[in-house]
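All chains are identified by letter, namely A, B, C and D, in their written order; residue positions are counted from 1 within each chain.
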Amino acid sequence: MPYQVLTLNEAQNVTLTCYLYEKSPEYPNLDKRPAVLVLPGGGYAMCSDREAEPVALGFAAEGFHAFVLRYTLKSVKPWPAPLEDYENAMEYILAHAEEWGIDKERIAVAGFSAGGHLAACAACIAEHKPRAAIIAYGALTEKTVALCGKDIPLPVDIVDENTCPCFVFGTRTDNVAPIRNTLAFTGKLDECGISFESHVYSYGPHGFGTGTPAYNQPPITRRAARWLKDSAEWLGEVWGERTFEGYSEPKFGRRTTGDLDAYLSLSCTYPHLLKQKGAAEAVLQPVFARIDAVLKPRLTEGVLNVICTWTMHDLLPLLGYSEKELSDLDERLKVIKNAR
Amino acid sequence: MPYQVLTLNEAQNVTLTCYLYEKSPEYPNLDKRPAVLVLPGGGYAMCSDREAEPVALGFAAEGFHAFVLRYTLKSVKPWPAPLEDYENAMEYILAHAEEWGIDKERIAVAGFSAGGHLAACAACIAEHKPRAAIIAYGALTEKTVALCGKDIPLPVDIVDENTCPCFVFGTRTDNVAPIRNTLAFTGKLDECGISFESHVYSYGPHGFGTGTPAYNQPPITRRAARWLKDSAEWLGEVWGERTFEGYSEPKFGRRTTGDLDAYLSLSCTYPHLLKQKGAAEAVLQPVFARIDAVLKPRLTEGVLNVICTWTMHDLLPLLGYSEKELSDLDERLKVIKNAR
Amino acid sequence: MPYQVLTLNEAQNVTLTCYLYEKSPEYPNLDKRPAVLVLPGGGYAMCSDREAEPVALGFAAEGFHAFVLRYTLKSVKPWPAPLEDYENAMEYILAHAEEWGIDKERIAVAGFSAGGHLAACAACIAEHKPRAAIIAYGALTEKTVALCGKDIPLPVDIVDENTCPCFVFGTRTDNVAPIRNTLAFTGKLDECGISFESHVYSYGPHGFGTGTPAYNQPPITRRAARWLKDSAEWLGEVWGERTFEGYSEPKFGRRTTGDLDAYLSLSCTYPHLLKQKGAAEAVLQPVFARIDAVLKPRLTEGVLNVICTWTMHDLLPLLGYSEKELSDLDERLKVIKNAR
Amino acid sequence: MPYQVLTLNEAQNVTLTCYLYEKSPEYPNLDKRPAVLVLPGGGYAMCSDREAEPVALGFAAEGFHAFVLRYTLKSVKPWPAPLEDYENAMEYILAHAEEWGIDKERIAVAGFSAGGHLAACAACIAEHKPRAAIIAYGALTEKTVALCGKDIPLPVDIVDENTCPCFVFGTRTDNVAPIRNTLAFTGKLDECGISFESHVYSYGPHGFGTGTPAYNQPPITRRAARWLKDSAEWLGEVWGERTFEGYSEPKFGRRTTGDLDAYLSLSCTYPHLLKQKGAAEAVLQPVFARIDAVLKPRLTEGVLNVICTWTMHDLLPLLGYSEKELSDLDERLKVIKNAR
């Protein structure tokens, strides 16, 4: 583990602590590992130790390279200094990806409280976006973000269709970053069609970090301590799981449907495709006809209302399309620009 | 296990299947067990077997008496027939609580899809309310509820401060009851100050029931199969856990604060108490003075903004109040009516 | 759940309690389920309730049909009465397998303390052997078996190469059935080449049943409560796991090697095959020659000592045999009788 | 994490890699953490990377300081060189315990295969004994130890009443260090009254390290990957668990009874105390009389046979002794030398 503390900005006391796995001929296919960049919390007034090393080591134990970014505090320089620190850290990591054995396409952030605000901003508007974001009891809505500083972005307002997949959690009884932060943010992810997972645990204090008893004075539900292992498992779903031979297939894409992609595909929903003109119409006409002729007469209005919101991937198997027909159709759609 | 299938309404084909533990002198303190009433889904057009017996046996294994209610289908009689069936089932259970060894204060519902709609209605507006509700990929918002029938209540519109604690979950990729059902409902629970826990799992089909591979054809995240054990553990937090000697203390109340209770207490928030007049003022005056004199000068505006939303239970220890002083104060408040 | 209590022998007060899943068109491939027959403990002087219904419901929740046999007590009639009861119960279950949806090849026993003695006897010497046995803090060695009665078989003495796979566990601090019972029995399973899994948990009382806090007064390690889920998972390894489409492949056979099978195969170990004469020699001669020529010169004595105990399945891939060559070789061996 | 690689013996290429937690004012009671010294395997011919850093980081994630000792290989210098390296490593760690924040009374070893042999030797005969040993698929009996070298101690022969508590595990199908290694060693621990926990997992290859899929090519049961978290939890039972306020009480002692302690106590068994003469007799006479008068007439021979092997702590509460009487009696015994 070539551990090191790098100074990214001496004047602003910005450091990047690196917890890197040694490469080994014993596991050649793991030479490029995924990585997690940890962003501790503390209202941008401090960087909490409890949300730094213990978290990094938690992800290290799950097989990730881990980093902790101690960013510029607001007493030193206001926003967007922390986001600039994030960009610098990502640039540094990407520049050393080969040397350190990091898979550039599999770098996530994990941010806590104010660090969760920073993680959400990185997920939504950074130049070097992470490929997934883990957001713990984040400051994501107006009143809580106001505690972190003035004139800084509201995460709930900047989520869009290009936001990366997110794993978002908090406790119901958090009295510093009330759970509506998490609820409002997941609502926006859903509206924008971004893949996510979220957990609201029944009770526990703000700032519980890894959730292990050793670091937590007040009572907290046992389930809260599961987020780290769960989020690591979720990263395996987003990116494919590491196996001895390499990565398995991802379990889902960044978005749930293709309605916002650049080109059409069977991942688009039926109502979205109905609105397409030109080349798309020609390809899809026989499909629509078959839906009208075969499916609509057979189904009740209620069921039709449901399945008519589905992607073609979900819908067409009901019509008896074969695997081959489906993949042919998909090929033909994938060269047609999506008129959003 | 005195298993039996009771016919509650022969004309409407309503049955209550009972999975009851035998009493035993070997565990005398378990003679009164908590119970879960399972409400299967199926769009009110059927009652799914996969959401019936396997779920009931899952809760039985966790030490609960379990029931499955097969309610009136919409082809037989429209809403509110299923809610009436629920009331009848609860009346029957409560009437036999002594005989069957059921703790009347610890009966929960667990509903799936349309049954989740029914569970949510029970949690919000039933005469015989459950003491907790588990709601699985429920039909809770307008478009999805419309699939279940016409002129039936919208759960998101009927949540209020008297709703029972809820454990709510679904998968992000549900294309029958989209996850916004769950998100909107938890948002309402939060607004009304109701205790809850919620989980949005990354991927999996609608109607996954217990989530075990044996019952589920399409891919589904491993984490989804944890809801049953998790919700049973959560019931232990809501009601106290069963131990050999009896129940432990609950971990939290139905609501997070006392702002909506009939009488005042230290569970009320600071801003709520600030608005109280008369007797309350006299009791609280010295407390407020101490907050002004001791706390306000010492804390930054940001921190003040946070802690000034807290309950007095969270806030006063910062001022050095002793346990004794706190309980005296609580006693004096508890005889004063809450002016909501 | 067609629950019923069957009287197998009225004079001796022997009953078989059946916890049976309903069949359902919703899970057609589960119409034949595996089953577990629970044998409670109590020194053959009683049948403990804590080791009966809660255990049966635990296995039911894992998808098994479950049975509890309340066998003849020693005050009524001595050994082998309980084993005769077991045989009768198995005959009854097998006779109703079709009707109840039970897979005849996938019936296990799960016995506790004296019931563990009975389970071990069933596993070793019963006419209707179970296909797997779960043995909890069993009475398996001389002194502890003596507490259960006189002139009854010692499980450690009757294990042989035909014993079924076993899952054996207990706590280190058991002062009724000391852990040497479990250790000695697993030692015998190992000597006889029988597949097994075993767990000795750090601390906990005798008779902890499911290990859940509700039933257990004295302190006990959390890990002890995992045996039920673990043993259910293990049964899935022994028999194949139930999936929506049917059973997956078993993970291992009843025995670790084929040295005791009726016919030869690549599952036999190298030293065992070296001793075979006749037809086997002809088939194996070129293989042995290749081992001598290729493998032996390349490996150190220490490594040779290890791999020369291996099965041919483990050993031959080191020589570069292809899948095809291996399966051909296996075919030719499988018609040759094993000279044990 | 002041990570460093220390060279303990340059000529023999012995290194100690240190994975140390930073101290933090945020968790003052964790300034002294427990530690685990990892001993990789490789037949004393190499030190496997898969049993080094991934294991160390696994324990780090559980809150332990971790170390990896890369000891002298047999090609460089034969046994007892590795044990000498161990002693040097422990001396170094103990000398820096204050500086590094290590609790001297809570240092464990975790050894794999040949490293498991070394861990067992450390547990039994080292000068600087660990306070607990975790032994993974260890070389512990004659044939397997022979693979590691000549003239080296057989762990099964050196276990005695001063061996430290052990957590021992392996897989049933290990064809390099057959499971009888683990079975024989746990049998000896039991004979010598040493506290232990053991797990034999159903199937998996030798050398599976952390058991995570990323490092393991061949099939292996899921349960095998639980050993690390389980052994960390077990260390919390042996030493007391770390909480925010400090350590909780241990759950059990090094030995199960006090029969081998220097002084008598109620932890001694009844038959052991019966054999004591002199001062002990005077103290115990009335106790024995009460057992004879009250207990013996009331109990059947079978039950008597059991409880007459118990410690007085287990036995006397049956006679109605109060807490106070028990602690008085314990006090009086604790000044009397044990005649072993």
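To be clear about the criterion, a residue touches a chain if its C-beta (ideal position, glycine included) is under 8 Å from a C-beta of that chain, and two chains touch if they have at least 3 such contacts.
The structure displayed is predicted, hence computed values, not measured ones.
Enquirer: Moving only from a chain to one it touches, give the least number of moves from chain A to chain C.
Expert: Minimal hop count between chain A and chain C: 2.
Enquirer: Keeping to the contact definition above, tell me which chains border both chain C and chain D.
Expert: Under the touch definition, chain C and chain D have no mutual neighbours whatsoever.
Enquirer: So, what's the distance in Å between the C-alpha centres of chain B and chain A?
Expert: 29
Enquirer: Once you find the CA centre of chain B and the CA centre of chain C, what distance in Å lies between them?
Expert: The separation of the two C-alpha centroids amounts to 42 Å.
Enquirer: Taking each chain's centre as the mean position of its Cα atoms, how many Å separate chain A from chain D?
Expert: 42
Enquirer: Hey, what residues on chain C touch two or more of the other chains?
Expert: Touching at least two other chains: none.
Enquirer: For a test of understanding, state which residues of chain A touch chain B in their complex under the given definition.
Expert: Its residues touching chain B are 43, 143, 146-148, 172-173, 175-176, 178-180, 183-184, 186-187, 190, 195-203, 219, 221-223, 230, 233-234, 237, 251-252, 256, 302-303, 305-306, 309-311, 314.
Enquirer: With touch defined as at the start, can you tell me which chain C residues reach chain B in the complex?
Expert: For this pair, the touching residues of chain C are 1, 3, 17, 19, 21-22, 24-27, 30, 48-50, 53-54, 57-58, 60-63, 212-217, 241-245.
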